[in-house]
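For clarity, chains are labelled A, B, C, D and E in written order, and residue numbers in each chain start from 1.
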Amino acid sequence: MGRNSNSRAKKTGLSSGSLVHVGRRKIDRPRITILDYDAERVYEKVVDSIDECFPFHQTATVTWINVDGVHDPDVVEKIGKTFRLHPLILEDIMTTSQRPKLDELDEAFYIVARMVDLNERKTEVITEQLSLVFGKNFVLTFQEEPGDMFDSVRERIRGGKARVRKLGPDYLAYALLDAVVDHYFVVLENVGDRIEKLEEELIRNPQTETLHAIHTLKREMLLFRKAVWPLREVVAGIERQESPLVRAATNIFFRDVYDHIIQVIDNAETYRDILAGMLETYLSSMSNRMNQVMKLLTIISTIFIPLTFIAGVYGMNFVHMPELKWKYGYFVVWGIMIVVGLGLVRFFKRKKWL
Amino acid sequence: MGRNSNSRAKKTGLSSGSLVHVGRRKIDRPRITILDYDAERVYEKVVDSIDECFPFHQTATVTWINVDGVHDPDVVEKIGKTFRLHPLILEDIMTTSQRPKLDELDEAFYIVARMVDLNERKTEVITEQLSLVFGKNFVLTFQEEPGDMFDSVRERIRGGKARVRKLGPDYLAYALLDAVVDHYFVVLENVGDRIEKLEEELIRNPQTETLHAIHTLKREMLLFRKAVWPLREVVAGIERQESPLVRAATNIFFRDVYDHIIQVIDNAETYRDILAGMLETYLSSMSNRMNQVMKLLTIISTIFIPLTFIAGVYGMNFVHMPELKWKYGYFVVWGIMIVVGLGLVRFFKRKKWL
Amino acid sequence: MGRNSNSRAKKTGLSSGSLVHVGRRKIDRPRITILDYDAERVYEKVVDSIDECFPFHQTATVTWINVDGVHDPDVVEKIGKTFRLHPLILEDIMTTSQRPKLDELDEAFYIVARMVDLNERKTEVITEQLSLVFGKNFVLTFQEEPGDMFDSVRERIRGGKARVRKLGPDYLAYALLDAVVDHYFVVLENVGDRIEKLEEELIRNPQTETLHAIHTLKREMLLFRKAVWPLREVVAGIERQESPLVRAATNIFFRDVYDHIIQVIDNAETYRDILAGMLETYLSSMSNRMNQVMKLLTIISTIFIPLTFIAGVYGMNFVHMPELKWKYGYFVVWGIMIVVGLGLVRFFKRKKWL
Amino acid sequence: MGRNSNSRAKKTGLSSGSLVHVGRRKIDRPRITILDYDAERVYEKVVDSIDECFPFHQTATVTWINVDGVHDPDVVEKIGKTFRLHPLILEDIMTTSQRPKLDELDEAFYIVARMVDLNERKTEVITEQLSLVFGKNFVLTFQEEPGDMFDSVRERIRGGKARVRKLGPDYLAYALLDAVVDHYFVVLENVGDRIEKLEEELIRNPQTETLHAIHTLKREMLLFRKAVWPLREVVAGIERQESPLVRAATNIFFRDVYDHIIQVIDNAETYRDILAGMLETYLSSMSNRMNQVMKLLTIISTIFIPLTFIAGVYGMNFVHMPELKWKYGYFVVWGIMIVVGLGLVRFFKRKKWL
Amino acid sequence: MGRNSNSRAKKTGLSSGSLVHVGRRKIDRPRITILDYDAERVYEKVVDSIDECFPFHQTATVTWINVDGVHDPDVVEKIGKTFRLHPLILEDIMTTSQRPKLDELDEAFYIVARMVDLNERKTEVITEQLSLVFGKNFVLTFQEEPGDMFDSVRERIRGGKARVRKLGPDYLAYALLDAVVDHYFVVLENVGDRIEKLEEELIRNPQTETLHAIHTLKREMLLFRKAVWPLREVVAGIERQESPLVRAATNIFFRDVYDHIIQVIDNAETYRDILAGMLETYLSSMSNRMNQVMKLLTIISTIFIPLTFIAGVYGMNFVHMPELKWKYGYFVVWGIMIVVGLGLVRFFKRKKWL
């Protein structure tokens, strides 16, 4: 992660607005799809060249252009020119370690969000940058790689009956953000499951691996929080702007997304607290084991050390040791040793160590 | 808990406003009761179909419709249509992991609160979602399962003399919220009792179970706080809105509920601090025991190891060992051993270890 | 404490405003005193029935009615009617676990403060609720039990020359709050003394009791803070309200009380930090002792275990052990053992363990 | 410190505004100096009686009266009358445990600041209260004892060319506060030096005394922070008030003092963080030593305990022990013991314990 | 660091505005360069005397004067007079331990920023003060020593096509701040690399040096944060001021810098959290090792101590010890010892200690 978030260092010294891709390149060439619709009609195409998209910009229909892969300056720059985006916005689109934010442009909103997902084996949380621009009759989305959480939105557009077809690009922007936020719940559920497993492990048989797993989860929650927390401000900002781009009827939907984000943050905080509690539990169960080990050592040593001493005494080779010649000396010594041993055992029982 | 709060993940990808129940289904079919009253008259019925309720909506009397079980989209949708609730509100009603919040609708307030209760064996804190809508002449409440803390409110309505009969739905909403908040005190008292028991245990004989109990309580307080904290904003919001739906005379009652919530939060914070202190006490009492164990081991070892060495020396089989042949050698050695032993005991006494 | 703060649970389910005493009953029957004065005249009486007080309400003089014991609904209700207090206020007066707060009524201010005192043996901090209502020409105070910190105020009123005689009920209210706050300093001084004693103990000879004492003090500071912190808002609120009930000339006095409260909070925070530091010191001094114990054990064991081994070797009974028959074998072995022992002592000295 | 900050407890019960000195009396009789100047002229005198000062009050020149020692109510009261200060202000002047604060009076500002200095051996941080009143043509300063950080200001006034001679009492007030704040840097530098010394000690040879020194520094920083933090608000307040007493030209200087205070606080916070880190380092270096001690014990015990056992076996006196009669039995046993010993040494080397 | 930040103590007692260099002197004599440009022309020179710069002040072109080395009061004072800077500003320029801040002067902005860099071996974070003044047609920069992060800006100015040539001094100020902030990313990347290395070390083989390295990094992040955090307010302030000195077209660029600073802070916070987690990991891995050591000791001792006791018993020299004369006594005893030993090994295996 350290890697990723700082890789913009390589851009140092360049004039602002010079388009250089900053981030890991995850795909060979950008894949561009277009979805153009109004209440009556839907048109959908995977285009070869970005130029094919531009005619749609003129029409009154809602045009959604989705670009997977943001490392090609030409593509980004062409779109920028057509939709009149400020060079700094284009730069932000190509720098994939942005923090979620909202920029109000002259005729559009620019939103950066972070899509959070699990890796393929569902063992790690990964994030991907989503740049979303929406204006009077268009929505642009830029993702780092193909494969996203927007299929359900596309399905609804194709279906034709859904509210999305009747409402404008602000509603589409909402629907996309909502899909992103809904996916946060999926990730949280996975984290919740892993926490539950770890909790059982913690009670049954805590191991060094348990500790590592807790720390890993803690760090993932850190990453998660970093991706989600600023989005709250973004969505609150859309509501607050009172721009003509967002209709009153759509505002209540953004309010709904806002509530969901609050809830995501709330749950993430709870998980953090739970993980902190688990760390404490781990440490005290470790120190508990240590206590047990020490007790055993103490009990064994404390019982046998005096007995060994007694045996040692009668192992001495003095010529004049009267006890040695007594007929029952040996048995008396055994008796003494048994009494001493049992006395110590009783002592430990009284102290509740045994 | 992890389970519950994320189960909305299963809804991912659906259009907002599509009614799907999200949460554990706790009851077979919804149970709907109606209570219609004004200063003179009370009418009460358990209805079979939600349609029976609607005529009451037109009258000037206060109509309280209570629904136990929110998993049936039909019921919720019908109510939504009659009372003109936004689809997102209906969605929230059916998603039972909501955070407490206040939505101001066109002609009504929508309030989400969380009822906190103890499980049957009074050993665990559980929460249930209460959705409350109140408008000009109606109050709707949605709960996840039958059995609630509102019987005293119903009693007062039936009784006929109480203030609730003379005042409108805003006062009824207040009375219901007040009942929810009063129950928080019941739960806190139970927690307080359990803390007191644990404190005694902690002083008398701390065990691993004590630690687990402290951690469990800590997590319950986390859950409790999550349920109560946002309610503060909700109630403060009702006061602030200055809506015609809330009369000035009722406002002072909401202010009173607000004070109670602050006090609940205050007490919960105090319990959290006390629990944190108890954890510290547990850990230091553990390390204290460890110290005692180590001291005993050290004392026993330190006294007997040198003595055993002396005995070992005179157990050697050298042919020429003058001491062995001395008549009083054996007794002199005993003397030396006693002197060494007593000296060490005195040393430990001076060090205050014995 | 847990007890007290939640005992309002027993009121659950009652309509708001129904007067039930919530809290520990500390006195048999309420004791009511009246003090009526203006610049020329003072009248003082312990009354049998609350009715005796009411004539004074009509006069232009300042009337101070003090009630010790708030468990009798009749008394509280009668006063409430005469002075036109809202039922919720009466309820608050009878519920003695209130958080400090300020309510602005139509013609009066209602203030809840908590008097903090030490128990009789000066070993514990206890709190008592003070309800204070002041209006145009009256001040009402409600305490849980007789015995308070207001004698100096009474003395000044009786004396006749003091500023209190010339100014109105707002100044009397100030004087009473000032007395409460001044007492906080007395309590803090006691806490400061106990902390100083503990610090000496901590350096001289820390014990498990020291730890318990630190924890007790920490919890008392928690309680103290809970009682004092909200009072700050209360007094700031009186200043801010700009009510005709508080003259400009009195405002500066409330500002002074405010400064004192800030200072109390400041000192209490400092004590909390000091106590936290003391806990750390205790723990590290404990672990220090442990280190010493372990070192001793290690030194003794490490010196004697090898020596005992050597003695053990020559205690073996092999027929062919050439050393045993050497004339100086025994002495040579002693030499070896002394060399090994001294070598180890030097080793420990070099490691700075001895 | 506990002492000092609460000693106002002894004033409990007195009417506000009754002048009693609260704090440690540090000097026999107050020492009063007067400095009267304008752009042309300077007059300076140590006066016997406070009455000598008052004629200067009438003139248009800037009059600076400095009082060392605030325990004499007569002196304070006389000044109070002449300069028309509210009784509560006089009370504050005589109570030397005030928190820094700003009071805007009718025709003057009242400022409480805390001068922080080192004790004579430069080993401890001590604070002293400075009360500063400035009005249209006068500045009053009250200190607890003679000796201060204002000599450079006096020097500049005497010198005659400095800006202070041309500007009014607001600039003098600024110059005095600036001197106080500049001294904070001196104290911080001393603390910084002590921290550096401790850090070396911590790496070279940490001792219990090191721990005590860290804790002492931590507590001093607590005291320091308490003295400095509220001053920030005070200076910000002077700027904000927009009083005619503070000219626009002086405002930029107060802004400069404000920046310095921020920087002092910033550095103090950094020291706190560093000290917290040093505590962690101390504890982990302690536990590191403990580890080393335990390892040595374990290695020695683990090597010799089995060997001693072997020796013990052949020290048994059974009649039939074939090994004992073998010619090379003794040497074979030595061989076994060497093999076992070396094997264990290798085991420890592989585990990286040796 | 302690050193540096307090060295202003040496200035104590001087009148404000007297120019004395406070900070470490890092260069012999100041090196002054001038860069004067507009859209058509660039003029660049290293000047010997500051006087050469002043003619450029009159022209309409953008004049950038950069001074490396701020210890010479003459140079700073001359510039101050020409560009009419307040004496306090000059004082701030010469005091190189300033916190980042923004001062709005009559006709210029004064900005303090801290340039963060790595030392030559890339093992430590160091900071240097940058004072930046920009007005209607000039930018002044003051650095402590030659060598900076502005070469790319100079390159772009010389190149002639860049936006910087067409826009005014506000854009140049932006470009310089942007270069400073971009360098923060370089430093963060280095920190990230070091953290990654430490993490591997922590898992592979944690050592005392690892701990020291973590602590060093933690302190560097402290320093870093202190340098970066206040810059956020500075840049936000430039936007907020709405001064004619900053054109609307430039504002969006400052907004961009602001976003970058937020991101730097965000990453720095994440590193702090990661470092805190690493400390925890270190400590628990240490205590884990300790556990292993203790277990080994316990196992060895617990197995051999009883066996040694048995051997001791049959080493006693009693005349009447029947077992000694049994033919198979020796072998039976061996049998018992093996049984006891194996029993204990099984016990440990069941306890999962082996």
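Basically, a contact is a pair of C-beta atoms (placed from the backbone, for glycine too) under 8 Å apart; a residue touches a chain by one contact, two chains touch by 3 or more.
Please read all numbers here as calculations on a predicted model, not as lab measurements.
Any chain bridging chain D and chain E, meaning touching each of them, is missing here; the list is empty.
Interface chain A/chain E: under half of the residue numbers present appear on both copies, so the contact uses mostly different residues.
Chain A and chain B have Cα centroids lying 26 Å from one another. Rounded to whole angstrom, the centroid-to-centroid distance between chain B and chain D, based on C-alpha atoms, equals 42 Å. Residue positions 287, 290, 294, 297, 301, 305, 308, 312, 315-317, 321 of chain D are each in touch with at least two other chains.
Taken as a contact graph, the chains are arranged in a single closed ring, with each chain touching exactly two others. From chain B, proceeding by way of chain C and on round the ring, the chains are encountered as B, C, D, E, A. Residue ranges on chain E touching chain A, taken from their complex, read 149, 151-152, 156, 162-164, 175, 178-179, 182-183, 185-186, 188-189, 191-193, 195-196, 252-253, 255-256, 259, 262-263, 266-267, 270-271, 273-274, 277, 280-281, 284-285, 287-288, 290-291, 294-295, 297-298, 301-302, 305-306, 308-309, 312-313, 315-321, 352-353.
On chain C, the positions that touch chain B within their shared complex are 1-3, 5-9, 11-17, 86, 88, 97-99, 101, 103, 205, 208, 211, 215, 218-219, 222-223, 226, 279, 282-283, 286-287, 289-290, 293-294, 296-297, 300-301, 304-305, 307-308, 311-312, 314-317, 321, 323-330, 333, 337.
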